[in-house]
Structure formats: structure tokens, C-alpha cells
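Report on the structure given below.
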Amino acid sequence: MTIKLGIIGAGRVGRLHANTLTTRIPGAKTLVVADIFKDAAKSAAEDYGIPDFTTDPSELIGSGDVDAIVICSSTDTHCRFIIEAARAGKQIFCEKPIAFDLAEIDEALAAVDEAGVQLQIGFNRRFDANHARVKQAIERGEIGEAHTMTIISRDPAPPPIDYIKVSGGLMMDMMIHDFDLSRFLLGEVEEIYALGDVKVDPAIGEAGDIDTAKVMLRFESGAFGSIENSRQAVYGYDQRVEVFGSKGAATTGNWHPNAVTISDAMSVRRDLPLHFFVERYFESYVSEMIAFVDAIANGKTVPVVGNDGRVPVVMAMAGMRSLRENRPVRLDEAEV
Amino acid sequence: MTIKLGIIGAGRVGRLHANTLTTRIPGAKTLVVADIFKDAAKSAAEDYGIPDFTTDPSELIGSGDVDAIVICSSTDTHCRFIIEAARAGKQIFCEKPIAFDLAEIDEALAAVDEAGVQLQIGFNRRFDANHARVKQAIERGEIGEAHTMTIISRDPAPPPIDYIKVSGGLMMDMMIHDFDLSRFLLGEVEEIYALGDVKVDPAIGEAGDIDTAKVMLRFESGAFGSIENSRQAVYGYDQRVEVFGSKGAATTGNWHPNAVTISDAMSVRRDLPLHFFVERYFESYVSEMIAFVDAIANGKTVPVVGNDGRVPVVMAMAGMRSLRENRPVRLDEAEV
Amino acid sequence: MTIKLGIIGAGRVGRLHANTLTTRIPGAKTLVVADIFKDAAKSAAEDYGIPDFTTDPSELIGSGDVDAIVICSSTDTHCRFIIEAARAGKQIFCEKPIAFDLAEIDEALAAVDEAGVQLQIGFNRRFDANHARVKQAIERGEIGEAHTMTIISRDPAPPPIDYIKVSGGLMMDMMIHDFDLSRFLLGEVEEIYALGDVKVDPAIGEAGDIDTAKVMLRFESGAFGSIENSRQAVYGYDQRVEVFGSKGAATTGNWHPNAVTISDAMSVRRDLPLHFFVERYFESYVSEMIAFVDAIANGKTVPVVGNDGRVPVVMAMAGMRSLRENRPVRLDEAEV
Amino acid sequence: MTIKLGIIGAGRVGRLHANTLTTRIPGAKTLVVADIFKDAAKSAAEDYGIPDFTTDPSELIGSGDVDAIVICSSTDTHCRFIIEAARAGKQIFCEKPIAFDLAEIDEALAAVDEAGVQLQIGFNRRFDANHARVKQAIERGEIGEAHTMTIISRDPAPPPIDYIKVSGGLMMDMMIHDFDLSRFLLGEVEEIYALGDVKVDPAIGEAGDIDTAKVMLRFESGAFGSIENSRQAVYGYDQRVEVFGSKGAATTGNWHPNAVTISDAMSVRRDLPLHFFVERYFESYVSEMIAFVDAIANGKTVPVVGNDGRVPVVMAMAGMRSLRENRPVRLDEAEV
């Protein structure tokens, strides 16, 4: 059975999914791509051999030919399209974060429930070979009961200030991936304490955001976690996690473009890690979409459900409140 | 410009190229696949969305629609198809080795020359990120003048004895890749000394072959090289090379399925390396085909020419003679 | 000039220093060792070729032959011996922590000041090749301005419960080394937030202590730090630190007893890291004592002064208060 | 029981053993050091607290107080002192190589046998933690039956030309350690094929020596080995070995002065490996001497006997003949 899809949003991530869906997933057929900018929609259609394009997402959602909608438009439009697609009976894949506002999210999730369709959230890192192996180590009991988790997650360079302004801030835009990974690995968090500041670029501060943060998590299981984010690691994308437990530890390293060591009179060195998420997580973007298409085609539950999109937003809100008030904040406080 | 291709041979490597050509190379269109076994041809066509199939390679070669032929049939048929394709004016990609017999190879290369078509040989490892990085280190001068080269190349498990019998032997079938890599990295070799024996499976010896070898190379440049092959590394595919020079060394490691370290009460360990060539060299199979299609489409010279297919066969012959006579053998002796 | 020393305390660390002083430091001559247990004093004297022993530390301190006193007795006796030695005009080396009580510490430091002698505190990790290299990376500007620090510090197994009871607790006994390392690398800390619990052994909880902790530091420089401690890493002593800055990162790994990788059908593995502090930090114990003897002999300032012993005690107090009150605690609050 | 020793030769290695014997080995007492240069003898005595010195080695050998003689003088004097010491009933430690001439060696070994004393040869690398771990992997069966061995052994820089001239040549002076290591790991060798040339410094060629070599070994067990030597690795001392077998492989890496990785905008790098043998093999020098003193004191057989000193000389002779004649040479040919 072939799943027929429409993609909303032909920006960087929309094009990435268009590429993946048209080349790597035999069971998927992308029929149409929508973008409010006609040129973007058209060039995505041409570049990835998608038969049709439109500037009207609603037209795409309304198309009888399409089984599933992949939402990659700007965050402020996510909930609207989710609701529209759910009411049209479409299966839905939506990029993270769902929204910055809990009421809006809850409305969208309710629409999904009512329609009896499925919604998968684009937390692709769960599908990364490293993170999946750590999860497996936990599940297999290789490291016993988990006591602590340490995530280090650094971008190679900050996004443009214009993006920063609409991003929801570092915790909602960047650390949200690490909040998801924390839950994926060790379950629910009950309290967060955050340190954050502007260390990379004052313009980020002027835009009301931070670029460096270190956050402490208290899990419901009793485990402790920490997450560190920086918008700029000059050596490239730094994506590591360690889970330590009663029987051992699982520790990930970065991926490099090659496994070559050069020894010369100065040092013993490797080339820099894979530069950014497109390189580092390409295969996990493929895998999440394979999983989505497979779930839709075979009537399985999608692997990252609506609530998995909601909770990290609550965590980001708790983190931001902790920053403002310089105290640990419980997730139930952030819910209010 | 789209290049239209026909694939001859729907075995393991033929299917691999079919997969690559149909999913990863937008500028290529595979029209037809041929295999003397109808079921193999048919299922490859179905699995990879190839419009047509045939049990008659000549029909495929003769088709006016096809620009280029990808030859993945058994080694004994390579030269015949090369000649036929050349005479039909087709561009040619042929798997390694071209043949086990020099006279046959020379006839095929002459036909290619006469027809003015191009022939690319399937030495895909040149396109591997590790080997390419070592080459780059040499070319950039990062390690100065090359003094020595050490290749360790071990398969996870021997092929079936039936394959061993028609393989041409370890040096023609397996070490031929390392002979190619040696030339790729350090240029022509003038003399070879070989040690070889049966250490893995006596049945390999009964089939007239060896399963373990260690070979010394004297390059024309004056550099020294060694190659080690084993048909069985229980920990998986082991593919490493080091080039050492006046200003340093470039050393490759293996690729693992993840970059996770598990520490427990027994050891600090990683999962085994990628199991075999399909996993380890998948991207280099893609890259060699991208390069082939690009060369054909844009009138460039293909990156691995006929003579690059011929010389490693001479090297294998010199190596086998060295084994029989327990002395270093010059390549010009093997030519005779 | 040879420095003549007396050692107080012939327990594990006292014997370690006796070994170091008698075999690795030509400029030092250890004349006498004191322990309230005669057998301990006697056997240390015999084992390390120390001419004399006594059960009376005051006799040792009062000896006219001795230039310097090395205090390795139990923590509750440190201040008493420091004061006594200072008044006797001796140079002093004292193990960490100085004491658990700030008033007591201040009295001892005042006695040292008054006497015009020097006091070096046994924070040996500063002399470890890894930590020193991270410090050097910061000082040389290799990693730019420091933004964050992450310490992971885990023991292979908890000490006996009887020791736990008099240890001052995990933060005063174990994390104090990491507090010192934090200051050594990034300067003074102004606020601490701590999570801590009993995860390894309930008996540790019954003794009023914790065995697992994760602590957040806000440095005066604006940098953020985290420290993780566990009393039990089943794979051995785990001692790592990373400092991340505007131009890069310096990251340490553990030391293993050999640099051998074993690849077999199950995994690619190394032997466990060096088991505990005696193995891991042996050379740093040597180096701190070389530095002490050199400073005394040549009239230099010792490299780890009294205040370097005092501040980590304040940090431990702030950490313990943070644990009790579940809020970030400033160091000036702990001072009160 | 304390063993009383005299050291002959106060050059670099003689001083190294003097240091080791006087600081690290409680059961040894060095009474006297001899060197034909009075200043060298005197300063070694002073620097290491050795009570006596002499310019007359025979006086030292004849001393009734001395139990054992450590011979670190120039190679041409080794056999003379061995014979003299054996006749005086002394236990003997002698640096490698025993001599360059087999007849001379056999005379010395006969004298040792006749006198019923013990002779240990200074092949210290057997005591190195890495090499010992590889040996252990073989003995424990961790890697099954050994099929191949690969040694890479490179010095950071060539010795002075004056030393080259009296060194016996690269194979006798440098590769002899690797010949010993080969035998230590995989047993006796029956045939050697060698490539060698001058690549580092023409002056080495003018002195009649080579500076780069790659050698193939056929072991009696049927295993194959290769050894690579270079007099100059610009990145420092490179000392690695891999043994590959039916159940896996044991592979050593180099030791670095610290386990720190620096990541910056250019690369992810480590400091260079430990520079040369004094740094890299210091602990193995200590361990071989501990083993010698222990064997003498407790009537055990020394761990590296006279024949262990003789065979690598035969191997070097076979290697040199192989170089001259460009063919594999059996060890029994070199014996003649």
C-alpha cells in the first residue's frame, strides 16, 4: 500500500522531508507541496519530482488524493493546519514544537483525538543510531537502573537574529529536542532548574533570548539529569549524551565525516564533527518518516504522539520560569 | 540531461546498483535489467521500479534507448559484454575484476578504445570517505612524501565454497581491491612478495585457494607497502589503511553502527564494526555511480578507467606467482 | 638543600606520601612518622626506610630536626596539628579537607599567618596531567573565554559505612575535590544548586549521607558549571572534565592500564579504567609533594594555599544547604 | 634479602638503570658505577646516591661486595664483561644487543652456562603494559590461534651519525627490539624478507645504513608477521602492534602525555604521543629490573635469557642478507 502525502512548507526542513520522502521511502508518494511563496513551492516540486504545488495549504489539505499531511511551515501555523487536517480526516506529521502556547496545543490535540487520526511529532533524534543505542542499553539492562543523565548539545553557529525573534527562545527552539530526548531515555521530569545567559552574541540578548544554558532535571524516577546548550561551538555540531546507572554507563560520541586520524609534528587530529543537523541527523529524518509511513500504512500507532509534542513545551516553559525566578520549578507549576 | 541505463546481472551487486541508481541518482534512469535467470531479472525490476526486464543481455545492449550499460554479471562474461557494448556505442560501467586473463582484458580494452566509448571499473573503495581522505592528505602535503603504506583488509566470513571455486582466488577476488587502493594512494607497484596460507577453513584449501595472506609491495616511487587479507575476522569487516610519510601519517579506523561506548563491570566497549561491504561501502557505491553518470552526462573522463581495472589483475598474478615460487616477483614478469 | 620531614598519620594516604617522599623526591628526607597506633607507625617506618617512628605527633612536631610536617591524620585532628606545627615554626602540608567547621579553619589559617610559615593543602588533582592540560588550554587561550564546565567524578565503590559516618558527607569528602578543581579551572563560584540522593546503598542513607549528587555552579565570571558524583561506578574510577569556551573545548578521558583494544565476536573493548585514586592520581601525589618540597627549599609560595583549602569547605556547606532547602544557595549565605 | 649491584656504563641507559635501581627497587642496592670516563662515573654516582665509582669495570666486577653486574657499556664490550662477570660468579644483566657477531655471543653464553650464573638481556619492551596485555590476550585465548602480527615501530628522530656508524645498523640496533617482540608474542621465526632504504637522511645512507624498513616474517607456527621501522616519525615515538587470530584481534595504541582532546575551529586533536623510549618505556625499564632483582634474590630463572638475546641477532643478520639479496632468507641460512 502506497501512502500519498502532501507537504506544507518548502523551507529548509520541508525540502529535507521532500527529499527523503521522494528518494528513500518506496511506500510513500508525495503528490503536492504547498508554500505561501510560490517560488519556494515550485522549486521544491521541481527539485524533488513532486507532480503538483500550490500556495494554498488548505487546498492541499482538502485534496481527496492525499492520505497524510506533513507540516513543516512556521510554528505559529502548526496548530491551525493540524486542526484543519484532522477535520479533513488526514494523518498528520508535524514538526516541533507544536506551538508555544499550551491552550493552542491542547485544542489541536483535542481535534486530532476527535477525528480519530494520528499525529506524529518531528522529534527525529529518537531515531538517531546513537540515541537509540543508549535507549536500547537502558531497556536491555546493560547499564542497570538509570541514576543520572548528561546531555551536551551545541549548535555550530547561531541562527539569524530574525529567526531568533520568532523561535520561541533557546529553550523552546533548541533545548526542546533535549527535553524530548530526556523523556525518551529516562521518562517524565518533575522539576527543572535553569541557568542561562548571553555569551555568544549580544544581539541575541537584545532580541530577548539567551544563547547558553545549563539546566538540571529531577526525573519522576528519582534520576538526575543535566542539559547544556550553546548556540555556538566553533568546532561544529556537538551532540552527546551519557546515561549512568547501577551497572554501567552508555556514552555517545560525535560523528565525524571520516574515521581518519592525521598525525603530524603539531598534533594527532581528526576532521571536525559533522557540521549541523542536516548532516548529523539526516538518517534519523529518514527513519522517522519511514516509521510514520509504516504506521499509517499498517494501522500502527505512530512512535512519537501528540503528548510527546506537548510535554517538552511544558518543560521549556518551566525552564524559562526557572531562569526568571532563579529557583527550581515543577512542571505542574508551568502547566498553570 | 538524464542518462538512461541498462543493468546486466541481478545478483547481489547488480541489485545494489539498481537500488542506488533508482533512488539516489536523479540524473539516471534505469530502463531495463537483464539476468539469465528470469525470476532474478523480474524481481529486481519490480523491487526497484525498473520498467523492463529481459533474460537476454544482448537485447538490452542492443536497445536504442539505453545510453550506458552497467555490467554486474559473473566475471567470465565481463569481457564479452564490454566488447558487445562498446561496439554498440554504449558507455560502460563494469564490476571488478574485468577478467582473470590478460589477453582477454586487452581485447576488451582495445574494443573500448576503438569504439571511442568510456569504461569505468567498479573499484568503489576509492570513493569511500576514509580512503578519499587519506588520498587528500597525500595530495595536500599533510603527511609529506609517502614512505610506507599498510593496508589491513579482512572480511567477516568466507564466501561459500562454490563461490571460492570461481572467484579467481583470494588475490583476484579480494586483495584486488587492496591492489587498486595501493595504486590509488601511492601509484604504481613494481614488485610483490606474498605469504599466503589456509588458516580459516580447510575446505578453502581443498578448493585450491588460500584464506589468509600478507603481501609486501615495492612501489615505483621507492615507497614500501604491505597488505594483509583474511577471509574471516570474527568481529566483522576490518578495513583500515595507514600511509606514513616525511611529515606525518594518515590512519583510518573502522566505522561502527553507532558512536556509543558501553562501560560496565567487565569492559569499556563498542558494538562491532559495520558487518560487511554492503553496509561499509554503501555510500561509496552511490558515489562511484554518481561519478559515472556525471562523466557520461557531461563528457568528462570517468574516474576509474580500463587500465585501472587491468593493473590490479597483473598485481594479483604477480602475487600468486610469488606465493608459488616464494620470491619477490616483478610486475613485468607477471605480464609475460 | 634537603628538606627534612615528619609525617603524621600512617593510614592509606600517609603511607602513600611516605612512599612518594622516600623514593621519588631526592630533595626530601623523611626522618620520622607518627601514628597513634604503634604498629601502623612502625610498619610505615620499616616499609619506607624511615629512621624513626613515634605514637606522639607532638613529639614529632617538636623535633628540632624536622623542617616540615605532612599531616595525613583524621580530619578532626588537622587544625590542632596545623596550629601546633605553625607555632613550632614548621612548614606544613595538610590533607583535605582542613576541617568541617569554618571557625576552626579560620583559627588554623590565622595561626599559620601569624607564624609566617606556609601551608599547602592536599588538592593533588591540580597536578594531574589531564586537569593541568585543561588549565593550560584555558590559560593559553586555546579554547577562548570559558562558558561552561562539566565534571563527572565517580568512585568505583563506596567506602565502609564507618568511614562514611566520619567523612563529613559526600560533598565534604568527595565532591570537595571537584569544588577545588572548579575553582582551579574557572575561578570563584558564587552560587550552588544541588540534587542528591541515595541510589547505591541504603546504609549510606541510614548513616545520614547521600551517594549520588548532581550540582550546578554559577561562577563569578558568569560561566556555568555542573558536577556529578557517584560513590559507585561499577566500571571503575571515572574522572572527567570538559571546559567549553568561545574558541573550543578541552575534554579529558579516563586513563586505562593499557592502550590495548580487544576485538572479538562480541565487541571491541578496552580493559577498565585505572581502578581508584591510588592508581589514577599516583603521579599527581608525587607532583604535589615535589612542588611542596621545592617551595619550602627555595622560598617560593606553595601552589595550593590555606584559602584554597577553606573555600571548597564553604562550597560543600552551600551545596548541603541547597540540598536541604531545594534552592540555589550563594556562597556568602554559607559563610554565615 | 638485598641484592648488591654494580653498573658498568654511565651513558643514557646506564643512568636510566641507576635511577631505577636507586629509587624504585627497595630490594636492590647499587654499590658502584663504572665508566671509562671518570666524570660520567662520578656524576652518575652523585646524582643517584651511589656510594662508589670507578673507571675500571674489572675492578667493579672483581669486587667481593657485588652480587650482580648491570652491563650498559657500548655493544663491543658486552661479551668481554659478560665473560669476566660469569667467571667471577656474578649474576648478569646485559643491554641489547649482546654483540653483532654470533661466535662472540656463543662464547659469552657458554661462559655463562659454565659458571652456572644467570644472564638477563635488556629487552625491556616485554614488560610494557601494552605488549604484555597482547601477550596475555594470546595466552588467555581471547583472540584464538594467532594468524598474523603487525608491528609498527618508529622513532621520533634519527640518532647522531656517529652513533649510526657503530650501531650495527637499523636491524641490529632498532628492529632488534621488534624481532624480540615478535618472538615474545608468536614464537620462533623461520624466514625473513626485508625491504629497506634511505628515506629520511642521505647521511645515514652514506654511513652505510638504512633508515626505513618493512620486513615480512614467516613464523614456525605458520603465522605471518610484518614489522615496519622508520628512524623518523615527526609526531613522536610510534609503537604499535596488532595480533590477529581465529577469535579476534588485540591492537595497541600509543600513549600520550595526557588524555585530553582539544576541539577548536580547525580540528579535534590530542597532544603528540610520548616522545621517545625514556618516556614511553620508563615503567618497563623499572619492571625488567624488578624482575631481574627478584629472580636473583629468590633463585628464579630470569625472564629474558641468553638465547633470547642471541636469536634476534640471527634475525637481524637474516634481515640484512635478505636486503642484500632481495629474497626471503631462512634463519638457518643466517646461522652459517
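Here are some notes:
Residue numbering begins at 1 within each chain, and the chains themselves are lettered A, B, C and D in the order written.
Rule of thumb we're sticking to: a contact is a pair of C-beta atoms (placed from the backbone, for glycine too) under 8 Å apart; a residue touches a chain by one contact, two chains touch by 3 or more.
From a predicted model like this one, the values you see are computed outputs, not experimental measurements.
Of all chains, the one whose CA centroid is most distant from that of chain B is C.
The interface with the greater number of C-beta contacts, when B-C is set against B-D, is B-D.
In this assembly, the C-alpha centroid of chain A lies 39 Å from the C-alpha centroid of chain B.
If you average the CA atoms of chain B and of chain C, the two centres end up 58 Å from each other.
For the pair chain B and chain D, the distance between mean C-alpha positions equals 42 Å. Touching two or more other chains at once are residues 233-235, 238, 247-249, 263-265, 271 of chain B. By the touch criterion stated above, chain A contacts chain C in their complex at residues 144-145, 147-148, 150, 152, 154, 193, 195, 197, 199-200, 212-214, 216, 218, 222, 224-226, 228, 230, 232-235, 238, 242, 244, 246-249, 326-328.
Residues 23-24, 26, 49, 129-130, 132-134, 137, 142-143, 247-255, 257-265, 271 of chain D are the ones touching chain C in the complex.
Chain contact summary for the complex, chain A toward chain D: residues 233-235, 238, 256, 263-273.
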